[in-house]
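Worksheet: one structure, shown below.
For clarity, chains are labelled A, B, C and D in written order, and residue numbers in each chain start from 1.
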Amino acid sequence: MALDKPYKDIPGTTIFDAEQSRKGYWLNQFCMSLMKADNRERFKADERAYLDQWPMTEEQKQGVLTRDLNRCIAAGGNIYFLAKIGATDGKSFQYMAASMTGMTQEQYAAMMLAGGRSAEGNRYIGEKAATQSNKEQA
Amino acid sequence: MAKITASVYTSHVPAIGAALDLGKSSDPYWQPLFKGYEPSKQWMKDNRPDVVFLVYNDHATAFSLELIPTFAIGCAAEFKPADEGWGPRPVPVVQGHPELASHIAHSVIQDEFDLTIVNKMDVDHGLTVPMSLMFGQPEAWPVKVIPFAVNVVQYPVPSGKRCFALGQAIRRAVESFDEDLNVQIWGTGGMSHQLQGARAGLINREWDNAWLDQMIADPQACSQVPHIDYVREAGSEGIELVMWLIARGAMADVAGGPKPTVKHRFYHVPASNTAVGHLILENN
Amino acid sequence: MAKITASVYTSHVPAIGAALDLGKSSDPYWQPLFKGYEPSKQWMKDNRPDVVFLVYNDHATAFSLELIPTFAIGCAAEFKPADEGWGPRPVPVVQGHPELASHIAHSVIQDEFDLTIVNKMDVDHGLTVPMSLMFGQPEAWPVKVIPFAVNVVQYPVPSGKRCFALGQAIRRAVESFDEDLNVQIWGTGGMSHQLQGARAGLINREWDNAWLDQMIADPQACSQVPHIDYVREAGSEGIELVMWLIARGAMADVAGGPKPTVKHRFYHVPASNTAVGHLILENN
Amino acid sequence: MALDKPYKDIPGTTIFDAEQSRKGYWLNQFCMSLMKADNRERFKADERAYLDQWPMTEEQKQGVLTRDLNRCIAAGGNIYFLAKIGATDGKSFQYMAASMTGMTQEQYAAMMLAGGRSAEGNRYIGEKAATQSNKEQA
């Protein structure tokens, strides 16, 4: 396809475009189901059995079971949908965000308090390690 | 004749709603943020509109992947706060303005914007957090609200240029409504933030403020900023800022009127994962 | 590269589907109508595309008043025939083309058309009757289909001008798809008919044919026909004809290419309450 | 409201615009419910009781009970929605159309076979009686 996708060169970032959306359709629709209290209970009672009711790939299911959000995103997940898993687990959004960065939640929270991750060095793939924080750069 | 008197711009971070709902607004973490909205609440008391046209985005709440409207206008009589996974926020039900909403829909579709009309929709933090920030915690919201949901979740999202043009069409639509109504238009979302992947936590204070300067002074130029700049400079979720251009496009100066007055401007980092921006512009 | 090779236009009267499904196509009432589509079925055998981009409208089937998209593009892998109150039509499930559909959605939204993306939708007679007319009664449809639903039920409906411009954007989108695909675009609905009120049964043979002449020869001028003319001259449901302008806008001559060839043209009154029009244009 | 509604001067015709749609919201949504076989059964078993579950006006309910489609349209109904009532009754669309014109189904069918209702005299209110058929004019 000849569509311009200029966003492919940004480090640590997956743009949820039509291609990702197609890939992640059932993963995201599974997440959506967790907006109902009944479904959250059924999921918590037996995660594997609940997941097996959805036509998801094994990779998507493993991503969910291991709570590896980066793996889920690579498999087509979108963060606003994936956030329903965190809500089901009673985790904050900041916990989920930290889990994707390789930092502890404390390190991540400290980085945010110090002004967040700098854009410097984080604009283009290869420019500099994508996971560096302000602190580390300072 | 209905008239757009002012525009309000604000981030709509869900953690702000949670802090309010859980009574944490005077915690040291949150106190500086809520302080930044004190002047806004006073201004709102002095300048209360009849109707707020509230531009926001749904965060996989009312719209799943089954159906994704680029622009959806809420024409219902009321909109319930959504259960986003922790039960609905304890805030009042939002009262709509069906007559003005369908008038705007009619006018703007004839103006070649391909809206989706919605008569049943729950509204998530994208809409309710700005309401809480501007009105506090009343028993009932003191204004009617027309929810206007923009797709900024699945690409392609509408361009800044398209949003800015839409704002202009909304202004024409409001001004052709016969009833005397004081209408505000709000743009919400942003500022810089990224909620996903190894780059999560990105904040770009310099870019945010330069973008704000330009949006105030030269919105036409600001509307030309390409998507990729938002993502690269303000994080993948920073793209929400295009919604501010809808509100800005509806201001009088864009149609040749006088420049608006900046009544309040505030910027704060962080609210959870996000930079918070806030602005009030009054028409003259 | 994908390429639009031809456009097909046809009414989509539900009674035609019922006549086929109940084996009445050789009844004296229906025989003249189906005879008019015999050349089309032969042409289709000789010119079978890979994908049909099928413009139609939903008739309060997939979309109720809860949500009304102006333009909705079906990006799913399949679409089931809808139960419109008598059980689903006994026709094959429609196979989509998700890759091309999302490519077109992406391109056309960037081109400032505010589409709604739909990943789950049943399709009603507006889509399945044209399929039956062009392909007969096979076990499986021999082509993939991208359903494109246009709101012509609740006013305001998109203008002929907007539809014609959209067709041009669809053509650009198709031609930027890398895979070699033979794509046809179909416009359905019309011709003159009115299903409501004391004026029900209105048919305007002269107007229909003059409109067709102009749509073929000077589509730009035809796209300027205002809504009110359709309603006044072709009946309240005659407004469906604006959908034909989407298909017409996607033809090569509109973008400066050679004029299309008229391969077939047919007009018949009545099919139940409706005048039936049909046209095949081939790009050169 | 200052929107131009040029379609108000056409005889025997109600354009389903936002105003009509607001007025007829629950009437039309009731009709939509008849797309499910279960609901059709419940409606047929006790029409009044089924209607009373919807926040419709009495005028709308009477329009449905008496199968007066013109009355339903005046009360905000749209023909594509109202058609679900006819489908529930096992009536053809042509039957429903005829019922709105004051003609018998036979007269209406004959008019259609003869080329339909002429636009002549039916373009503007007051121009001529709106319900005249080709035949009557000929």
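Note that a residue touches a chain if its C-beta (ideal position, glycine included) is under 8 Å from a C-beta of that chain, and two chains touch if they have at least 3 such contacts.
These are the chains along with the protein names UniProt gives them: A, D = Protocatechuate 4,5-dioxygenase subunit alpha; B, C = Class III extradiol dioxygenase subunit beta.
Bear in mind the structure is a predicted one, so any value in this text is a computation, not a measurement.
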Inset, instruction - Check A-C against A-B and say which one is joined by more contacting C-beta pairs. - result: A-B
Inset, instruction - Can you check how far apart subunit B and subunit C are, centre to centre, with Cα atoms defining each centre and the answer in Å? - result: 37
Legend entry - Cα-centroid distance, subunit A relative to subunit D, in whole angstrom: 51
Inset, instruction - Let me have the rounded angstrom distance from the C-alpha centre of subunit A over to the C-alpha centre of subunit C, please. - result: 41
Inset, instruction - Please work out the Cα centroid separation of subunit A and subunit B, and write it as a whole number of Å. - result: 25
Inset, instruction - Mind pulling the residue numbers of subunit B that touch at least two other chains? - result: 65-66, 105-106, 117, 119, 154-156
Legend entry - Sites on subunit A at which at least two other chains make contact: 17-18, 21, 25
Inset, instruction - Would you mind giving me the full set of chain pairs in touch? - result: A-B, A-C, B-C, B-D, C-D
Inset, instruction - Write out the stretch or stretches of subunit C touching subunit B in their complex. - result: 65-72, 105-106, 109-110, 112-120, 154-156, 158-159, 161-162
Inset, instruction - In the complex, go through subunit A and note every residue touching subunit C. - result: 1-3, 17-19, 21-22, 25
Inset, instruction - Within their complex, state which residues of subunit C touch subunit D. - result: 14-15, 59-61, 64-66, 83-86, 153-156, 192, 194-205, 207, 227-228, 231-233, 236, 269-270, 272-273, 275
Legend entry - For the subunit A and subunit B complex, residues of the former touching the latter: 6-7, 10-18, 21, 25, 28-29, 31-32, 34-35, 40, 69-70, 73, 78-81, 83-84, 87-88, 92-94, 97-98, 100-102, 108, 111-113, 115-119, 122-124, 130-131, 133
Legend entry - subunit C - residues contacting subunit A, complex: 75, 98-99, 102-103, 105-107, 117, 119, 176-179
